[in-house]
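First chain A sits with chain B, and in the next complex the same chain sits with chain C.
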Partner chain A sequence: MFNTAVVIQSIVSGLLMGGIFALFGVGFSLTWGVMKVINIAHAAFGILAAYIAYWGLVLYGVDPILSLIVSLPVLFFAGLLIHRFLIQPITRSKDIVVASMILTFGLAIILENLMLVAWTSDERLITTSYSSKAIFIGEIIIRVSSLLAFCVSILGIAAIYLFLHKTRTGKAVRATWQDPEGAALQGIKLTRVSMIAFGLALASAGAGGVAMAYMYSFNPPAHNLWLIYLFLVVIVGGVGSIIGSALAGLIIGLITGLSGAFFPQQWINVLLFGLLIVILLIKPEGLFKS
Partner chain B sequence: MGKKSSFFLIGLALLAIFPLIRPPAYFLSFLFKMFLFIILAESWTLIGGFAGYLSFGHVAFFGIGAYTSSVLFQHFSLSPFIGALPAGGVAALVALIIGYPCLRLKGPYFAVITLCFAFVVDLIVKNWAFLGGSEGIHLKLVQMDIQSSRSIFYEIFLGLVAVTLLYVRRVQHSKFGMGLASIREDEEVAQTLTINTAAVKIKAFIMSAFFPGVAGGIYAYYISYIHPDIVFDINISILIVLMAVFGGGKSWAGPLLGAALLTVVNELLSLFVRPEIARVIYGAMFMGVIIFMPDGMVAFFSRRRRA
Partner chain C sequence: MKKKLFIGVLVLFTCFFLSLYAGQQSPVHGAQKPIVIGGSLPLTGTYSATGKWVERGYQLWAEEINGKGGLLGRPVKLIIYDDKSDAKEAVSLIEKVITVDKADLLLGGYPGTACTAVMPVVEKYKMVYVSMGGHMVSFSQGYTYSFGGPPLMGEWWFVGFFEWMKTVPADQRPKRVAIFTMNNPIGVSFMDSIYKGCKETGMEIVIDEKYNLPLTTADTMIMKAKQMKADLLFASGMFPDGVMTIRACKALDYSPKAIAQGIGSVIPEWTKELGKDGDYVFSGTSWHYKLKYPGNDKVIKAAKDKYKEDEPPLYFGFGYAWMQTLQQGVEGAKTLDQTKIRDWLRSHEVKTIAGNFKFDSKGLPKPFAYLTQVIDGNVELIWPPEMRTHAAVYPKPPWK
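Showing the complex of A and B:
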């Protein structure tokens, strides 16, 4: 039963999956860290982008990656609007974290059910012309679509990292995050910076959702399960940490991949939830923060 | 006896004699559902409203209760009407075990861990053959005509509503309740005031699990077939939070009002629109409440009256 090839195969697939978890979780971590908003609807927006990609492919033969040209700006602007009209009214409440959770819970319910009305609960799978193709390295099989989704994720995370570290707006986001009052004293407009960060986070949710859809079949209620992956990424990696999210994604992917080789499928989620509970109890600030 | 208490008693008495006029079973079922949500929202508010620890996994205690009484009925022929008490006990015990570590977490972390807890319990039950796995458990039906059995379940739940309400109201005005309120306002200050916050929180959590456990134990017998997707449905957790927040979680009257009102809204919606649209409206209400009346309806309107 202990087969080296199987183990290496699980590690490779796990890491590919992990990169996708990381992109999917990074924006979730960003909004939580910067503006203390836990966006429960993050995964639902990922599913929305996955549907845009799916229908683009099925109806017009557009490659899912190309569909991002449409879905990312749409989600970015949706993010600006949501921040302006839904998040800003609650920023003055005493406990914004909890208020934002309840608010975005509502948003997620709305989104899930609108998608159910529009596209039913049938499970969809993105099947492209290259879905069945794979690269063989010795005994290891790497699916082309997984590799592609992984590359999108790496590019996405790199783009967010560069934005936060190299651009003025990005630096303003980070300053706000570290010290909101100090940043305001420097003339940074907090609401504007938060709006942009929120839009960016939703766009990253879209990219992550499409990448997820390369690996998993999805339907509107699937966002509940995907949400748990998001919490795992953020809590393992530490709230608001980009590098932490990236590493956490890889670790979670690795665990999922490896446990898939040894446990029956239905126990993997129990294992992941259990892991999340244990980490919350022993180190709620994340594994990568001292 | 104050005016409020007499209103309470008269309302209770009227509801108690309601089955005697032999109304259509539909109304009994509808009120039964309302009672269920009042019990759940009231007990949730002990920890979620009074102490400000938002539990998003409260459905787990309801489900644990349902499974406990079902197993006792199936394997030991213990009537669920009696089995409901050990069902509440098991739910309370689970709350003690998970509450001890989890209540050290604050704010969103507590919300997340309770949500995960509910998912884990659901997944474990689904994969546990002894509990029927994903097949669920069929219970023997009550040997009675539907009108009488509905009336009996109705009266039992009405009694449980009364007990829960009285308990939650008493807690609110007790030293225990003050302790919870001080934890909600500022836990560190509460500690410096020599309030044993850990003990107060766990007591509230245990009691807030006990009533849903009892209700779940009876509910299992009522629907006579239980399945993880029914009794661990995460939407119930969300609904409980919504109802309590909608009415206002800081006082006993809030969840009562929220649960009663939202059950009526839910029933009306289910008559006129399809379930998905009903849930869209629910989601919008969630958002409306948190934006326009973050302290709930009771606080919103009593502030209006004073202003």
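Showing the complex of A and C:
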């Protein structure tokens, strides 16, 4: 029924969208992999960064990407504090996964309500001078805002990857994640490394939140919807795998885009979550977990 | 002597306290016990922004009625609980209002899911419930004490649009229609008026798809509509998917003759956040502050004076209108007997700021919806002609 332009457009839009999901999911995957903390508040911190970007733009005309200069350090230090005062005490718990989920669920609720008090539940939309601009390649369009958000995602993922593979602290994070006891015997301070990983994850949530806000409207409760995609990215990509999360994001975007081209829209979630079930059955550890 | 003095002082004190008592008691005897009107609204949580406006509409009505001497000569007292945007909580609270607070009258809830859940409860207790309802399905359960005065009916949403479209010369009407509707009860309810209207106006439906919320991308949908040369787009969604659709239309330079939107475009954020890109979008509503019905001037003034809002929000007006309906039912029946109020409402016309209504056996007025269009950042009334505040901008100008 539709020509190749629809299919190519679907692939392009899907990949741009998937790249953003990927960045948002990387930090979530990191805390889950390194310290077995499932941070339910991850998306709520993304919304907080989106609000910082929004108000920076509305009140001072600051481009949302530049707002990351403020929001990333803020969220990084918030991550350190949260780890020190909330996460560390629950590491003594027998089941840290469940304890962390309950704790961060509470954190998400508190953050959501604080944002509701501060900024109400009105829907917000990041509208820049380039929001409606697009690059045309034949019949195919690439939206400038989506492209920028995609670039932020690629840079963010690359930065996290390089940090983990090229820096001493990053290598310590990976060592902790692969073999905590061995890492401790090598003199790596597990608490310090986990703290940095948590801060980094929260900062990446901020970058992901701003990238998401380029594409979607948001209000404080929106983090509940965004959380679904975080789980999807991590489960498909494999817990703790940075490259896995990146590829999973792209795959999810691609499936979403392509299924919209070939099937009625209401089938997208059926196909997407059907894929999730198949992956869990065949490779429960995720597609890219080594 | 001392004894006489003591008795004298005692008598004086007794008289003094008796007079005080009488002074205190006389207003009580004069003023009646207040009429308690209770219910719940989402004052916190997801729907709190809208819920607070319904509450303000109720309070405005209560202040007015008390200023005029009350309802049936008695002051009214509102008891509004916070259901935390949870329909189950709304059900528990309405039970509490009826059985513990012994409310004389009930307040309508919000949103439609809460109203739908509460309607069978009020039927059980045989108490009149005036609210927006939860679309046609909630009014088709055989309830006799629930009234949509006015209702918010998805099934009627585009009635005004097609009534107006019939006035457009046939050769200028759109020929091919693309419909994208959110896959939930609200979205599905929109379809009735779209199918009926397309059939009556001879339009061909070339795409008819539903999408699940949250919508991840609208690009593919709009690309399909463009490929199919649809010259009328129904994007029957909420705000988040609505803005994605409009942005995709602009990015893909898809400019049909008309774009009709669901609920997203009638909320203030639409023009605030989308700016010029949100212009020329059609939608429907059951109330608008520019309607030429008595009382809207008071609502506009109250919104401006008390809440610094130049345009009263939709649910401020709804809250006020529901109370007008309830008030007329009580005053018409001249009693707080719920069955008599119900019977009066079923047999008489009520006049509200949203229109004049006669209710049928379902508790609904005749199908109606006002057609709106966003023009220069304002939500203007297009149809019916006697309510028009602006001529329709049709066909939609190309994207700038």
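Note that in this section the second predicted complex is superposed on the first by the 264 of 290 C-alpha atoms of A that agree within 3 Å, B and C clash if a C-alpha of one lies under 4 Å from a C-alpha of the other, contacts with A are read in each partner's own complex, and residues count from 1 in each chain.
To be clear about the criterion, a residue touches a chain if its C-beta (ideal position, glycine included) is under 8 Å from a C-beta of that chain, and two chains touch if they have at least 3 such contacts.
Quick caveat: nothing in here was measured; it's all calculated off a predicted structure.
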Chain B versus chain C as contact partner of A:G260, first or second or both or neither: second
Partner chain(s) touched by A:M17 [first = chain B, second = chain C, both, neither]: second
Touched partner set for A:N269, first chain B, second chain C, both or neither: both
First, second, both or neither for A:L66, with chain B first and chain C second: neither
First (chain B), second (chain C), both or neither touched by A:L86: first
Partner chain in contact with A:A158 - chain B first, chain C second, else both or neither: neither
Which superposed partner A:I141 touches (first chain B, second chain C, both, neither): second
First, second, both or neither for A:L116, with chain B first and chain C second: both
Common interface positions of chain A, toward chain B and toward chain C: 113, 116, 266, 269
Touching residues on chain C, where the partner in the complex is chain A: 44-49, 180, 183, 209-212, 214, 216-217, 219-221, 223-224, 227, 239-240, 243-244, 247, 250-252, 267-269, 273-275, 277, 399
Complex contacts: residues of chain A adjacent to chain B: 32, 38, 86, 89-90, 93, 95, 97-99, 101-103, 105-110, 112-114, 116-117, 224, 228, 231, 235, 266-267, 269-270, 273-274, 276-277, 280-281, 284
Chain A contact footprint on chain B (complex, rising order): 52, 54, 101-102, 104-105, 107-109, 111-113, 116-117, 119-120, 123-124, 126-127, 234, 238, 241-242, 245, 274, 276-277, 279-280, 282-287, 289-291, 294
Chain A residues within the chain C interface of the complex: 2-3, 5-6, 9-10, 13-14, 17, 113, 116, 120-125, 127, 131-132, 134, 141, 143, 215-217, 221-222, 225, 256-257, 260-261, 264-266, 268-269
